[in-house]
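Chain nomenclature is as follows: A, B, C, D, E and F, assigned in order of appearance, with residue numbering initiated at 1 for each chain independently.
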């Protein structure tokens, strides 16, 4: 985690970076249920899950999103701020013991209505240990112009 | 938390529900940093934050999103599943001690390419104790048709 | 979790409700030890437990009680409050990986010395995945009379 | 935490011991909600609590019970086991920042139907920093006879 | 946990004590990463670890040190305080599921420059379930003289 | 967190780096007590602490050490491994709300008995928000020679 100043002009379309991996554990499921209050049996009841198509507990979508975004939080840019996310999709379930890592690529640079700022879109892809995409989203940043 | 079967036809445009409130604590910040690995000073360094526009630590976006979605997790519909989220926007910062609650309204019903399913959009709004909107998003569900 | 006003007269002897299930994980053991400071080897030392009759770690009684009571916390009645519990008994051990759910039945309605209130007893039974009762207790409520 | 063998005959009526103190923090509230799934506004919504008689969040009963019993878990007796609890009563609310400690006194010794064992009752009292009793219960042990 | 007053003269060279055991769980790894922000793949990425010499995740050194020192925290001496640690060495990795316990022996008594105090060194050894030493250190105490 | 290969020869005496800051919260105290089982009143009993010289709860030494070492865990060097720590000293107490950051400087390079490796010593200093040193230690690394 370090600080690196980047203006709108410094972002290069197509540039990408990749996180290290992290194994999603039963502990993460339990802590996330505890943080969110979502104790749905899909995440918390191993017996009920045996009767369902996936046969086992599946991660909360918000857990995978939170961990993935956390994996990309390696660099602080004082000249940009996060506006939000678009097209967040959960493509495959994540199970206890799966290991995920996250790729980010600058997929769009455009004007923004906020004066002095430009819009950056980072396309986020989360992969499991089989190199299958489990989640995608677009992170929208506003970055100051020089 | 209970199970209630609802088909696509059972969802009524404009129907809404509202969660109880929950105070976002320093503990939530620390636990969320611990879950995600995001220890950015915006969330974790009270001294540095004093030098910034908001003067105090602000919640991780993924914390507010996770808690808000958790607040709406009161009813399990075996005939629907979550596809993802659109237009997730962080409108105002959430500070330690703020109390948030979440409103959901059915904002769209439409056909979907998945045979036998229809698309439901739930518009999610998160409010703080001053009744200011701090976050919005659109939750996309696919619900089985009768 | 929602609010539903019920007066003493609204409680019906024999009425019952049942929670969804929840798998008790090693994480729950560790978090409960951390919350209570009870690191007794019965709960925390897998090697020592191999030398004991149950051959494996067993859940803290207070963990099972806390989770079970939490499982029943689905409905807030502004006209009643909890006075305490009687006859709390741990009937069978709960092991890591067991899945428990909780049944509550109104087992008693009677006068109380607190003016304007009546006494309600909810009999609580906690079951594991083999439908064996692992814990029981009687929850004592005072509910306002109409 | 240490092991000390005591038979039924070794327990002396009236013997008592007292724990050190522990401050109940907002963190304990949040962790307990997370462990139990009980996010009732009484414990979690500071704004709503301002409108209630106590004006502030109050601890879950199961939190105080779990911490108090944990405070007494200092000595392991291989010749006794816990059967359960009677007359658990929540006498005063515990607020964030209160400091509790626990006193235990042997209040009863009697025969038990389990052959070779006698019944011990430990009366448990939990005090806050103003020396007010906030919780009581009777812990029932069966101890092997010599 | 109890209070026992001991002056410098009361410590006896060679005296030793031993903790009970505790199984180090995946939960401990995850909680420690969350507390420290150290999500290195050595501790958190089971897939990457398969490609490394130890083939599995290994505990953070600071986790083992913290738990071991915690295991020795059974007795409070108001007449002594901790100055620090010397020669902390991680001798063998600790894996998920290993059970550790800690031995402490008074290994040195000497004069200290702080007037009225003497220096005590406690040699700390941490063992796994195979009775292999996994960590050692020397704890330095200053104890008041009579 | 990223991987950067450095051999013994690449370490330069006097090189230093500094972490960002982190506020030590009451939550950190409670979580650390929970992880270690050390519920000593120095860390956990605000009332008792009022009667002591520092008048308030002080952080566990192992908490500050763990967080500080975690703060330096930003770069993975596959050609080096940690051997342990020397001269760990707690110089000033850390209180709830203090903000710490960590400086590391290469303070020693020398031969080691392990063939093909050299010894690196990193001097670690932990500062609070008043720029007072609260903890120091020497981290001992073995790094492969080219």
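Just so we're on the same page, a residue touches a chain if its C-beta (ideal position, glycine included) is under 8 Å from a C-beta of that chain, and two chains touch if they have at least 3 such contacts.
Remember, it's a predicted structure, so these values are computed and weren't measured experimentally.
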- Where the contacts of chain B and chain C overlap, which chains show up? A, D, E, F
- Note on the structure: Among C-E, B-F or A-D, the pair whose interface repeats that of B-E, with over half of its contact pairs matching by residue number, is A-D
- Query: Which chain is most remote from chain E in terms of Cα centres?
  - Reply: B
- Quick check: more C-beta contact pairs in C-E or C-F? C-E
- Greatest Cα-centroid separation from chain C: which chain? F
- Item | Intercentroid distance (Cα basis), chain F paired with chain E, Å | 15
- Message: I'd like the Å distance between the centres of chain D and chain F, where a centre is the mean of that chain's Cα atoms.
- Response: 37
- Item | Centre distance in Å when chain A and chain F are each reduced to the mean of their C-alpha atoms | 30
- For chain B, jot down the residues that touch at least 2 other chains. 1, 20, 22, 26-28, 31, 34-35, 37, 39, 41
- Message: Quick check on the complex: what are the chain E residues that touch chain A?
- Response: 26-27, 30-31, 34, 39, 41, 44-48, 57
- Parts of chain D lying in touch with chain A, wherever the complex brings them together: 31, 33-35, 37, 39
- Query: Which of the residues in chain D end up touching chain C in this complex?
  - Reply: 1, 22, 28, 31-32, 34-41, 60-63, 65-67, 69-71, 73, 76, 82-90, 137
- Contact residues on chain F for chain B in the complex? 20-23, 25-28, 31, 97, 99, 129
